[in-house]
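In structure tokens below, several structures.
You will see two complexes here that share chain A, one where it goes with chain B and one where it goes with chain C.
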Partner chain A sequence: MTELQAGQEARPLEVPRIDARPQRYRDVLIALAAFAALALLPMIFGSKSLLDFVIRCSAYGLFATSLNLLVGYTGLISFGHGMFFGLGAYGFGLMMQKTGVPIPVAFVATLVITMVVAGVIGAICVRLKEIYFAFVTLAFQMLIHSTILSWQSLTGGDQGLRGGIPRPPFLGIDLSNHLHLYIMSCALLVIGLLLMRQIAQSPFGYTLRMIRDNATRASFIGIDVWRAKLTIFVLAALFASAGGMIMALFVSGAYPEFAYWTISGEGIFINMLGGVTTFLGPMVGTVLLLILNDTVTRLTEYHGIVLGIVILFFAIGLRKGLMDFVVEWIAQRREKAGG
Partner chain B sequence: MDLDALAGCLASPACLVTQTTSGLIIGMLLFLVAVGLTLIFGVLKVVNFSHGAFYMFGAYFAMTAYQLTGSFALAMLCGAAGTALLGLIFERAFMSRVYGADVLMQLLVCYAFVLIFDDVVRMIWGPEFKSMGMPSAFQVPPLFIAGGVVPPYYLLLIGVALVAAVILGLGLARSRIGKVIRAAAHNPGMVSALGINTGLIYGGVFALGGMLAGLAGALAAPVRSLTPGMGFSVLIESFIVTVIGGMGSILGALIGALLIGLIRSFGSLGFPLFTEGLMYLFMVIVLVSRPTGLFGKEVA
Partner chain C sequence: MLEIRGLSKSFGGVKATDNVSLDFVDGSLTAVIGPNGAGKSTFFNLITGALKPDAGQILLNGVDMAGKMPPEIVRHGIGRAFQVASIFPSLTVEETMLATVCADQRRAGVMHRRFPLAETRDRAEHAMELLGLANKRNRTAATLSHGDQKLLDIALALVLDPKVLLLDEPTAGMGTEERWRMIDKVRELWERQKITVVFIEHDMDIVFKIAPEIVVLCYGRILATGTPDAIRRNEAVIEAYLGSEHHAGAVA
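So, the complex of A and B:
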């Protein structure tokens, strides 16, 4: 092909104009529709176990999706994200047991505590590269776990926070009512997802993707990489903490397992299972893992082996998550259809 | 906090000797695990998150061999050789598939094996705590050094770990194989172009790392209780050791392990509830002042 021919075929470059507003309206509409569907669910299927399942999905879903903000969007592989899940559960539970403040106050106060703790831990961790970051976050997770175990007078040690979490009604919402708790969890999930979606699609979200792809370049064009990483670390911690609070409300207590490293491992696995390239991948992963866990636990006591083999299948066999797979498949079909 | 106890111990030679020995055995066991971790990281550029499992298998292999044969030497040999073989198989069959893939995949493969190995141990040996028991050769009255009690087995443990450290250090620095391994760590493509089988080196290094962890487990079996999942806390601590010492540095692993061992043994006197916290605190201080560890090199 000569230069002339090439020139004839060349078209002016189309610069896509991105207007964030239509997308935002679309996201809000989807969120409202999802919430409506979840809220109507109890009227159609009244089974308690299904509602329990959705509540657990909300708790883990918030946790896993917030982890994806770190892993998928920023390239920060945190292996200690579960500490904020545990922190949320314990912070909220203790606040309700010891002070007796209204639930919304305890909720906000726990978020503030999480913010401070995540700020301190994050300031130390985000300076480190990949594998160091992964293991130092893991080390902090174990520190929090061992603190919970050894501070028996406050946390109840390995017995966990027992005696139930008081749930005084507020604004006409009574969380000791199972249906109210269900609606509340769904609302928190949908609001949390919507907020995280806004973060991911904002200019800040695109800064994070840039840091993931090339941190050196990002810092050369004047982005304060450390600050951006710390910001998303703290933000992600807040959502994980909210997930932990749902869990604490659901089981009416808090247990050291909530802060154990396996929670973080499961979070990473959920992300892998669902895929990190789509926003809702972790949510899909959450549902899959919970179903998998429930089935396997029912069938065998050795559920580590089964889970491990499934992980190996995804990590070595597929090399990507389920949603990544679906997205690629759709893209391929479109390509074929297009010519 | 019990600072008086700590000060009292530091003033008495007997207590000093006892606490230092117990610090040294914690440190030496950690060193054997951590040095394998750091070696594998240095050459293969992966962090073997399932390294604790090799420690666990070493202990269980040693216990079974001891129960079958009654020979302590054979038990140690079985612990080390069994885990070396396991390491080789694990590397060739699974880990070699995720080199070059992102860290997430490597972590996940290892995470899968942590789950699988723990359950395998639970299946074979059962979930309850097991104990190997002190071999009869070491059931002798303890030595008294400056009034402090030192069981002879501790001396053997420290000696074996030290010998392993010296052999490893000299072997890597002086021998031909050591040079090839260092070259492979530095530039695997070039080493491979010179006609050296890098796959074999990778497998060998992984087997060596697994063997050291297995040896640590076997040495620990007479003095600690055996349980599925025992590897994980060792893994976390040896990771802290490598972070403090610097990833990829053998000397760093030794110094880091001894420091952690001493912090644990003396910390348990002064801060009984916060011993683990002290370790993390120390790690944080090192990381903030030297992000690559005490003996780590700047990596790009």
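So, the complex of A and C:
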């Protein structure tokens, strides 16, 4: 060891090494800048629909990015991730309607409920191999959706949670005020993204990448694959649940569609659009899908066909998401410039 | 000391490992040879926990590993490399090493800090130096040459500081020249690290040249054990496996 260390000191560092420290500060700075920009938006543009758009982006963005923690980072293709979006919306809505606790309490309590449910479902699912995992998560999604539909006395069945969700002010924040709701959504989005970024760039994040690449090998270097998969399954569910809560606050209600499999499908679409190899891919995908949704539905009633073609273009044409494409393109240009 | 006692494993009616008992002394270098289907890989899979034995004990310094799961067996100090390099294609060499040390330090679940952890650097660096991969640290594993991928696979096992290192055909799929380079590397590692190394090898020239101890498996059973000379002269081995080209007379 000593001879080696001596050798290291003498040798000039011809190859750059990974350094962890500056990354974290950089991410926090980017997050603060993004939040500041979003917070200034209402002062520049008075348009309410733009703010609505950003709120929806926050809800779906948290959901889609959390799905990427499973799909892109761990290689767990979940077709049922939307159940936690629905669970968040319903859990939060019901708690506000039935108990009248302050919003932060309902928020945390809903996360706890999500954690327990995701823990149970995850414990069953993460043992399964690819396709079985995908379909069993889908099955649980349908189970939750059916429960919501049939438990009319609690959930209002196919009518959803009606009568509005009470939004009592707390700590000077009044979420029935559109601007307050907007700022709160942006804050949740930025904090959520920052937390997920931290997970992705932590040693645990690299454990997930190893499991994605080669789970067998991971277990032969001493990683408890099942435990790691379950952990990320539950964590991702929490962020999806937070997205659902933003949605419930935004529409002041919760509807069975929030827990339907199409939400999971949209999550997968978003990830395909934006790309799963970059952290912000799903966020870009979210913005793309929502813009597409809004514009196409305005233009034609056959928006499903148009969306389908766009997805096909990315899936078959580019064979990657937009952000994957951009990152590769930049890398290629840099190479050319360098060489 | 790794002691195998009455290890058995059947698939259907086929006895892939049949009542195998062997001792691997600390710091020994042993080659496991045998014709295709002799149960060499099964033997490794049993020791490392990839397969559960039907019967028998695997005692590492007196602790029985039989029936334990791979992560636990690895933590007890039995590392392995695979016949087909088993690596993490999208990670760079350096990331692979750093993350593996992380796992070994039981920090694979750490979320509040950024990767890589400072305390994993020295060991990762050491392993990369040992295997000659330090100047390829920023290459993703998928872009490495076949030989380097095999080295990375071995580095993955070695960085965990195993007491016993099992190498399943370290020279599989290599050309003659590359084979010798690889096997010199294996021998060098064995000498420097002073660990117990057991490797499977098909090339008899290599086996007889570098392995002080040889185990011959055939139909899941031990046909013979001993030094290269003893194995060369063993009638049963010659008949079952070696044929005339490695016959004592011919070689000597």
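By our rule, the second predicted complex is superposed on the first by the 320 of 339 C-alpha atoms of A that agree within 3 Å, B and C clash if a C-alpha of one lies under 4 Å from a C-alpha of the other, contacts with A are read in each partner's own complex, and residues count from 1 in each chain.
The rule is short, and it goes like this: contacts are C-beta pairs under 8 Å (C-beta built on N, C-alpha and C of every residue); 3 or more make two chains touch, one makes a residue touch a chain.
As the structure is a computational prediction, the values presented were derived from the model and not from experiment.
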item: Contacts of A:Arg217 with chain B and chain C, given as first, second, both or neither; value: second
item: Partner chain(s) touched by A:Leu128 [first = chain B, second = chain C, both, neither]; value: first
item: Partner chain in contact with A:Arg24 - chain B first, chain C second, else both or neither; value: second
item: Contacts of A:Leu307 with chain B and chain C, given as first, second, both or neither; value: first
item: Contacts of A:Gly205 with chain B and chain C, given as first, second, both or neither; value: second
item: Touching partner for A:His178 - first (chain B), second (chain C), both, neither; value: neither
item: Chain B versus chain C as contact partner of A:Ile268, first or second or both or neither; value: first
item: First, second, both or neither for A:Thr231, with chain B first and chain C second; value: second
item: Contacts on chain A seen with chain B and repeated with chain C across the two complexes; value: none
item: Complex contacts: residues of chain B adjacent to chain A; value: 41, 47, 94, 97-98, 101, 103-105, 107-109, 111-116, 118-120, 122-123, 232, 236, 239-240, 243, 247, 273-274, 276-277, 280, 283-284, 287-288, 291, 299
item: Residues of chain C defined as touching chain A within the complex; value: 48, 50, 69-71, 74-75, 79-80, 82, 86-91, 94-96, 98-100, 102-104, 107-117, 122, 125-126, 129, 134-135, 137-138, 156-157, 160
item: Chain C-touching residues of chain A, taken from the complex the two chains share; value: 1, 4-5, 7-8, 14-18, 20-21, 23-24, 198-199, 201-207, 209-210, 212-214, 216-224, 227-228, 231
item: Chain B-facing residues of chain A, complex; value: 71, 77, 79, 124, 127-132, 134-136, 138-140, 142-143, 146-147, 150-151, 261, 265, 268-269, 272, 276, 302-305, 307-309, 311-312, 314-316, 319
